[in-house]
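Alright, structures below, take your time with them.
The two complexes that follow have chain A in common; it is paired with chain B in the first and with chain C in the second.
Up next is the complex of A and B:
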């Protein structure tokens, strides 16, 4: 991490972080943070902020100094009782318990196990497209982006297909429950409890009579003779639905938004080359990723830029800001699917690539690197390339669009446009 | 024939009809539980009755009490994710945190101002404390009389800005050997430095500059040896080896907000309720009670921060190490478990401690109004001969004396007609007081 002297710029009023203006366009504030306050003490929200690429990268890599968990993972407490997902690995910080749970499930989303799911992703994408392809118009979010991931997940888990609409409601409520507002938490907890009641008998059944589906694999997967408990399986399914469903939904929507409105000149390239959608995905994850911030708690005093973050302080890692750092990328505010300074291929948890290029920070890095990274990338790229292949002369219905925004500060959620209507020739 | 009153099981009444306690300790936690944990985290607890954004809103800045009541009555240990803190709002809970140095720490104003080059806070050194007590006791009357004399030359006076805000700064200037000519600039710098402890980075930057200006000012004063002919806080500190930076650190940690805010709020409460004013001005004792009731009913310092030294279970929650706790006097002082009709400003309230609490926030079995800036209650069971009175008592006596002088020197103090007066914080988290209180004054 850098120890350079920073020229202080205009002060930032921390209330800006709660404003609609920031939710919609945080990038000018990110730049101000990076350039003049690379370590920013936000006393209003009782937290510190890191925003430069290599500082965020460094914090992600440094488990000894930055802990993900608010509580001590080895404390004598029942974890997850208050978490909207129930007991899940997000609550276990950097502990051995986190490693155990992660090792049980992480292998299910990469390599051959992921390849086994690919034909199903193709098939589901086609089925969803069939529903609107004859109409000459699609509202991408509700008719496409929100339909594909949840069907993929429920299919992977081996859940009944007729209940897929219910799963969408659940995951939307679960994600909203991560926000600050109490009423959203209540919705999230209700969704969680309903989902648990629904899935409980399935877990019992598949633990003793496993099939080929992911739920059976998770119920029976063992690492060093250890299986997940029933509550842990339920917590994981909630996490999978919410984190795997909503994030991919928003990723697909954002990819189309950028080609329709940010770089329409690159749309033709994406339509003619199915492989380029992996680039669209990587550049979207850099330019304006679905998740912009990750929270950490310091485990010791951290000296940085002539300041010190105290022990057990809350730190926001603005990966959305790091991704736009001029120190890491040329012309960072330009969306370019042909950019030559971004690693466009598959991500990894080290964040270091053989091509020598920097990767985006959208999946995080290090111990808590997104488990579903490969799944999200494959699913998004396949779904988008399928849609691109089926529509003729796609174009935005409305020439002016209000743009991408984060949800209000009271509810949890990810960045995306609210509505995205595309017209195409029949 | 005298009918014996039925015993109210919810009250414990002492001699002379004084309500000692609202009820026996019960399962709902109305008793005094310092270290007791009364329930485990509740699964599925929701907080839909409040949004965290309400606690930083403009309406909260003007009238925080409705939101605080929601917290106190529904979520007594509220996890505020937006401001990353826990709100503690019941009287017994707040006082239990204050009494628990082993698990919760206070951070000095140096920590919040983050100014470089500040020295040691010498405010707890005995010679400094004695000098402070002497000044408050001996200088207050003279400075107040002189100030009122000046005010009487105007037909209309703003008691909030011309009296309540100015008096503590004038006394402070006296204690630090600041001349009349220098006092205006000194007061301005002092005020800017204090506001620099706010969360607002612009105020913080300005506060740091003000601290530097004060540092240069006092370093020059000490170098020139002016203090040698004085007998005040400054000379007491220099005799102990203080440098300019130590003087400024001590000044930073000196409280003026309670005297300023309490005086302003006292006069606000009295002038907006003429019958209460009549009662309060009837004797100095009543005026003292009105002052104490002001600190309970409308405390200028609404809350104090504490930080958890370790992961600890309190009030049914697991509080992580390093967590910030907002201990709310505004909410606790209006806790109906402790005070009858807590929303009412009652001059001679009988269920509140009428003297300085010692060793705890209660004396005579009664709770006191929590006023943070005055510090925690004295740890001494009685006033020892070799120690000055606590700041709690000194500031109270000075404020009451000053108000008494104002009453005696004037007649017919009345709010200017058609003026709307109210309490507010300048920004969220700052002092909650009356900033405009125009009155007509006539010499008595």
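Up next is the complex of A and C:
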């Protein structure tokens, strides 16, 4: 943890965190937090905030002090995900149960098992592009970014290709239900139930007669003799759509947004170099990642900067702020895919790299580091490089864009533009 | 039995020390350091799991 002196600065009104202004452009507030309130007690929302790179990193690393779940006497506090997804890995905090579930599935998304799926990602990207390439225009989010990841997941699970469009509809309803609640929530839950009814017989079948697909692998993967239950498999599939589909969709959108509007002068470089898309991904994950905040609960008192966070307090780790910290990156407010102080390529759960550079915090760090990190990076880079190779002279349709926003940035709301239209020569 | 770390292969994914703090800890450079080599039956099971889960194939058990 950094313990440099803090210069006093203007107070921050905690109601700012609920404002449209903050959701659209949180970065000036992030800087005020880092410079003058590196430990900020938000009395209005009853929570604490950390924002400097090394403090966010340190909290992610420190499992003894920060837990992902709040524990009650009889087990972890249910913070809603069970309601939508069923039993799933997000609920089990730092427990042994979390480790068991994570280890059963984590291995499916890295290394050779991931490489097995790569040719299919190439093929699906091309198919999605085929649908609009002759029109000279694409709305990147609905026609491209939201299409690739969900079709990839459907194929990974080994669902029949003729069911892919149905799967896409369930996905859209489920995500809408999660994001907006209210009437959408019912739609989301209905979609989930339909999907579970559909997948239930498949789970039974593949548990006894497994193939090479992800669903078979999840049904039969064993860690220390233990498999996932049928309900856990279903919960995981539902979670996969949100955590694996929606996030990747928004990552792809954010990559194109920043090339089109933030650094159009680097667009040419990206169009002419298919290998550079992993850099675009890494820099997007630093500069303006899909997820800006993670929530933790303290398991003990934490003294920091002459203040003390009490035990059992809620803490927001603003990784979106840590990523813009001058203490970790030069000119942090510049989007630069050639940045020499950011680790590009394969990320680590440890956040430490042999090249000595700092990594982005976009996947978190430590025990709850994003399980799908390698998949997200490779899939985003492949899909984007395919699109780049096929569009001629791409340019934004509208020279002015309302910008990226987030419905609720501090509760883990995913950040991405609402619409992104690109024109290109036919 | 003893757990060995191949630092050439290791890419510091952290899987071993986050899953098994009873066996490993992260050293100052991000590599795992084995902190317990007296492996009873339970710990041996944990060590085997760590070897299986390591995405770099950098861990092995040696008699």
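The criterion applied here is as follows: the second predicted complex is superposed on the first by the 379 of 426 C-alpha atoms of A that agree within 3 Å, B and C clash if a C-alpha of one lies under 4 Å from a C-alpha of the other, contacts with A are read in each partner's own complex, and residues count from 1 in each chain.
The rule is short, and it goes like this: contacts are C-beta pairs under 8 Å (C-beta built on N, C-alpha and C of every residue); 3 or more make two chains touch, one makes a residue touch a chain.
Given the structure is predicted, the values throughout are model-derived calculations rather than measurements.
Undergrad: Which of the two, chain B or chain C, is in touch with more residues of chain A?
TA: B
Undergrad: Counting only touches as set out at the top, which of chain B and chain C does A:366 meet: first, second, both, neither?
TA: The answer is second: A:366 touches chain C but not chain B.
Undergrad: Name the contact category of A:120: first (chain B only), second (chain C only), both, or neither.
TA: neither
Undergrad: Of the two partner chains, chain B (first) and chain C (second), which one does A:185 touch, if any: first, second, both, or neither?
TA: First partner only, chain B.
Undergrad: Touching A:44 in the superposition: chain B (first), chain C (second), both, neither?
TA: first
Undergrad: For A:352 in the superposed arrangement: first (chain B), second (chain C), both or neither?
TA: Touch status of A:352: second partner only.
Undergrad: Answer with first, second, both or neither: which of chain B and chain C does A:110 touch in the superposed model?
TA: Second partner only.
Undergrad: Who does A:11 touch here: chain B (first), chain C (second), both, or neither?
TA: A:11: touches chain B, not chain C.
Undergrad: So in the complex, which bits of chain A are touching chain C?
TA: 61, 63, 99, 102-103, 106-107, 110-111, 223-224, 346, 348-354, 366-367, 369
Undergrad: Going by the contact rule set out above, which residues of chain C touch chain A in the complex?
TA: 11-15, 17-19, 21, 26, 29-30, 45, 49, 52-53, 55
Undergrad: What residues of chain A sit close enough to touch chain B in their complex?
TA: 11-15, 18, 41, 43-47, 70-72, 75, 77-78, 81-82, 180-183, 185-186, 189, 193, 297, 310-314, 409-410
Undergrad: Over in the complex, which chain B residues touch chain A? Could you list them?
TA: Residue list for chain B touching chain A: 41, 43-53, 56, 80-85, 112, 114, 198-202, 205, 311, 318, 320-322, 324, 428.
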